[in-house]
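Two complexes, one shared chain (subunit A), two partners (subunit B, subunit C).
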Partner chain A sequence: MVGRQGGHNKGGGRKNENNKIYAHPLPILFSEPPQTSLSHKLNAFLGINDTKVLNPHCHGVLDVATRSVWVTDPKDVRILWTRGFFGKGDLSRSEPSWHARQVNAMKAAAGNYLTSEEIREKRRNERKQFKLDRARALAEAAAEAEAAFVEGREAVLPEIPSGATWKPSAQSAAPEPGDDAPPSADADEVELLEEELLEDVEHMQLTLQEAFFLCWGLDCLTILDPHTSQSLSLQQIWVSLQQAFGIIPSLKPVYTISPEEERFDNPFLVNYAVYHHYRSLGWVVKSGIKFCVDLLLYKRGPVFHHAEFGVLVIPVYEDPADKLSSPYALANADPMSWTWLSTINRVNSQVQKTLVLAYVTIPSSSHVPHHTLSSPACLNHYSVREVVLRRFIPARMRD
Partner chain B sequence: MDDLLEQPTTLSIPDSGAERADDANLSSGDEDEGLDWTKLPSSSRPVIPKRGDKDFEPTVHGGSGLQRHVLDRARNAMFEALRAERNTSSKSISHGIWYPNLARTHVTTARGIHFTSMGHSFARASPVSPNGPQQKAVKRLELLPEEAIYLVERGSMFCWKAMDGVDFDDAAGLEDMEGAPMTVQQVFTEMVGTEDLTLEKYHVFSYLKRLGYVVMRTKPPSSAYLTAEPYSPPLGPRSSLVSRLCSSFIALLHRVFGIFKRTSNSWLPSIFHNGFTYPGVFASLRFLPSGHKTPLHIVQLKPEEQSPSPYELFYNVYKPATPFKKTAPPKPDFQITVVNARTTPIPTISELTELFDVLPELPPPVPRRRIPYADQKRQAQEREKAKSASAPGSQPTAPSTAAPSASASASAPASTPSTSANPTLFRRLFSWAWTAPESKPQERKPNPFAVLKQGKKMVVIAAVDSGMISFFSFRQGGFEEFPMA
Partner chain C sequence: MESHPSYKALSEVLPKYPQSAGSCFQTFNDITLAQQWTDVEVIDLPVISRCAFRGRRPKMDPLLYVVPCSLAESLSVSWFNEAFEKLGKPDQVYLAINTPDSSIVYYKLTPGIVKPPV
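Right after this comes the complex of A and B.
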């Protein structure tokens, strides 16, 4: 697990490295046979495309209580993260990096490979230090101006540090991330032993939408039942994922669905339609809970650039009678207020993201027969359309 | 934002316009500042001082002498400005008569430049006078209620209320009057509520007018009110019998061949039928209907049960720089709907679709012109040369400019096609086969992010909450046309 390097080798080196690691947008790989081989030439003559598809065949365990699929095999975790940015470490910010952080914390030579959590801590400490310096300088300046006013002379003001030019002072001011034990020879040996014995207790979790996309759309993930460790058939997965959002919460996967709960407005189906739509357009889709939205869209991935768009899923019932008879209370289905919209728009403007409202239409149960719900073919009846929302400032738009 | 903290000083230095690095569309700095009336030329007018920045945090011991002094000075300046009386010279004021039954103000004396963008002429027959036959219809300048309120509030117009049955010419000493004089408060009370005007709509109207825009109504309240041509959506594909037969036949063919191509059922979508590449896989996963072109099948309530949508285009707004003629208004720069933020929820997709249907499409955003590095260097050197040309001794710059200009001229012929001079006979004969090489400069494809953020159609919705206006632009998004893979 390679975290980002901090400090040296910035810019070109890191970008090239990221381009190499995260080169594939999906977990499946295509291998072109060597151009000069005879069989390839024969196939080309006959018009047969013999590109082979390499499927990693990852495995995950369904956990209904957390509504996620757990992936524990380190190889699978790495494949799913680097090819498409699927999933999230449950003890980490995004990429599973708990083990690397623990190892760094034990080693005295922390700072060579900083994980993103460590970079974040360092950045927060530096900012705290900057704020303290600035507050002190401002207080001095105020005292000086006050004294000058009383005496009736001009004030000579000290310099107030600005965010752009402040540099962190001696390292003693900022605490090291995590480590304050001085190294010694014995400690090194002990640490090595501990490191080998340290078990990685972190797993990667896929949301149910990501898991279904991998399992049904790309056919590269096998989902196992948590208790029997049997691999589930697509039929069972389809039903249990819907049932996971059912009215009566359960801790075990349920493979039958009651007629009241088998509806077009099941939250899993509604959210999956939007997830699939943006994934199929090539965007990397991650959870948007940090910014009050449902989804974040990245062009290539979180390691390359910040997300450009924050998507709010707004379900629209084609038949209002369906809404009245529904046991599910879908979020954002009722007409919302302007204060709600202003709040979310303000949060997203602060972080330079554009807010997109994605309206999902839920098919009317009177027009579409009920049996389509037994297979993913029902997804053909949903539709997604977007409205981009921005604040409009007439004072700036005059030209 | 940190860099803009003002240092405490003994003198009040006006804010020297520190540049803010925020994105133009996202910060609200301009809106939240008070009006800047420091630009008024004459010193007799009241001057509202610009607001300064706040201190970072209050001092420990409470208000100090310096802080109190600065506060007092700022407060006094504000009070002085408010205390001053606003007046208009009688030579520049216009006069109008308000007719409540018509909901219009007839302008008797028009002065000033406001009337180039406000008011419309209406041919009205004067009332039948008992003396003679009915007089011919006479064209006169009339104002809508919001325009009248704006002018009165501004101090450029004085409004009378029409009083029937009173002839002012007869009464002695009352020749100047044209009706009962109206106060500003009376103008507001009488005119708000007539002709679809609400207080929220008036707020938006006056805000935009003060910024310099020209604001007209979208729906003409009468036939005499000239508005821009409403947008007519382009006709759909010809629905002749032949084309319909063709399209249904083609659809049948697609379905027949589709059966052969996709042997899969819905449990195993075939993702490789577009080729063994990543773009192919993504393309074959795109089966979900999407975009605003797919029809919206929302079951509508019966017309009598359905309340009219509050979202209807109300104002056409023109930017100050647009040449505007009252008699032939051009296409509006943007169109606005005004709602009360507390009582109306955000628009549903059906309301938005209805709005988008009557709006024109926006042109794609112009891509930023990228100047090649050699030209940039040359321009910078030319600028320096121009600066130092005034001073003698511009010798050293001459050879440096000679070098890049030589390189520029060397690259220039390479870019223009070599066959531009003396085309051969063959080329001339078959000139229709060759497209002109220098027909147009290399057009850059627009940046996909810029296109996605601008959207295809835009409607501006102003949500007014007790006088605070928030403008939001809702744009029709087209993500399905710009896949990332």
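Right after this comes the complex of A and C.
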């Protein structure tokens, strides 16, 4: 088996590095003037706070079809990921790393060694082969025991492989890459050219909720129209994000909304209320699709520790008439069956996450005037309440 | 999206089905660039208002089918049945469930019960 090779990046070294790289929780930074300077002392005496806000002023492009904002500038991508874990590379599992991985794979193929992904595949295939061998040996042992019982003799049991003693057989091992031709100087040159020619086709993708939080909440992101590259005003962004969930699908952003389409139960508003709630409390909020939930809450970020909480967004209509007239079929708006809830709870308990039901109250259109929907101020009328779900087993949980 | 290199291969089907354009585009990118499938073809399936994909996984021979959809959609068994019919009744089809943060979760669907391998 491939043993874990310690490097200077393992364990404590990597933790310290992560603490340095991911030191800032948000893209905007605060710079404090030196405490001893005269101007600072004067300001402090007068009660003036002269801390400066350093804004990175990132840019992103709205993409209506994928309901997201794309960030392509490498500096902006790095800032948004390292300061708050915003966004995800669309060809990667977290931060955009597709180009680096492709180049690495090319180098590994030329240099005759395995990439870490290939090592992982090899380990998994070996484990699969071990399980097949073990299953076969167990079946043989059962058949032998049966036959011996029928014939009235002692069973001669075959050896059942265990994890410690099993070795992969020689012919089942996959051939090492680059076995046939050793790398030559020409191959190195060709490979360098290929690396340079390889266009980075990956971008970082922000959900509409992340983009709006950065743009309106922190004012550190400018969103551009995909066709004109003009920066959008807050009013245009506010309308186009709601229209991204519109009834009439479109591939272009729409900047006007009719009064009938402007509703409190627009999926963008409902989900944004919950996103903003947890982000403003300091949680790092990411997508929860891998665990059957809507959101995952991380205390510091995905690189530090697994998510502690999985959040299900459950919209609650203050006025049932709004639900009947709604063109949007909001998920989880109807009472949930016990089996479904149990399933989700089970999935999350298996991965040691606590399930949180976040009930979002959608204001009644008869109580709140319609014009509040023209600005983000309408978010004041939404409330989020949490119910934490844990399975209680009376026989085992006595303390 | 229109300026992305992958758009050319999808330029006929994406404007035809704007509702599923995002998930088709994301799935195509993931299959061709991230998962590195080969011989990828785009199949137009008007009956379920989207395109599907057929290709080969790296180092594997059989032709596999992928049908994209988005998390927000509500799908029915008859929807799957029609997709299976129009794709020529393959043994299995991968359903690619897309999310706005670009995560894709693949599920393998078969038309009937399948026994586990061992």
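Heads up, the rule we're going with is that the second predicted complex is superposed on the first by the 313 of 399 C-alpha atoms of A that agree within 3 Å, B and C clash if a C-alpha of one lies under 4 Å from a C-alpha of the other, contacts with A are read in each partner's own complex, and residues count from 1 in each chain.
In this text, contacts are C-beta pairs under 8 Å (C-beta built on N, C-alpha and C of every residue); 3 or more make two chains touch, one makes a residue touch a chain.
Remember, predicted model here, so these are calculated numbers, not experimental data.
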| item | value |
| --- | --- |
| Which superposed partner A:Ala135 touches (first subunit B, second subunit C, both, neither) | both |
| Subunit B versus subunit C as contact partner of A:Thr207, first or second or both or neither | second |
| Subunit B versus subunit C as contact partner of A:Arg398, first or second or both or neither | first |
| Which partner reaches more residues of subunit A (counting touched residues only), subunit B or subunit C | B |
| Which superposed partner A:Ser337 touches (first subunit B, second subunit C, both, neither) | first |
| Subunit B versus subunit C as contact partner of A:Ala155, first or second or both or neither | first |
| Which of subunit B and subunit C A:Gly282 touches, first, second, both or neither | first |
| Subunit B versus subunit C as contact partner of A:Val387, first or second or both or neither | first |
| Which of subunit B and subunit C A:Ser326 touches, first, second, both or neither | neither |
| Doubly contacted residues of subunit A, that is, touched by subunit B and again by subunit C | 135 |
| Complex interface listing, subunit A residues touching subunit B | 24-26, 28, 30, 49, 51, 53, 134-135, 138-139, 141-142, 145-146, 148-150, 154-155, 157, 160, 162-164, 216-219, 234-235, 273, 276-283, 299-300, 308-309, 314, 316-321, 335-342, 345, 349-350, 352, 354, 356, 359, 361, 364, 367, 375-377, 379-380, 382-399 |
| Residues of subunit B touching subunit A in the complex | 2-3, 5, 7-10, 23-26, 28, 30-31, 55-57, 59, 64-66, 69, 207-208, 211-213, 265-269, 271-272, 275-279, 281-282, 285-292, 294, 296-299, 301, 319-321, 341-342, 344-346, 348-349, 352, 449, 452-453, 455, 460, 463, 465, 470-480, 482-485 |
| Subunit A residues within the subunit C interface of the complex | 63, 65-68, 87-92, 98, 131-132, 135, 199, 201-202, 205-208, 210, 226, 249-251, 267, 286-287, 289-290, 329, 331 |
| Residues of subunit C that touch subunit A when the two form their complex | 1-2, 4-6, 14-15, 18-19, 21-22, 25-26, 29-30, 33-34, 71-72, 74, 97-103, 105, 118 |
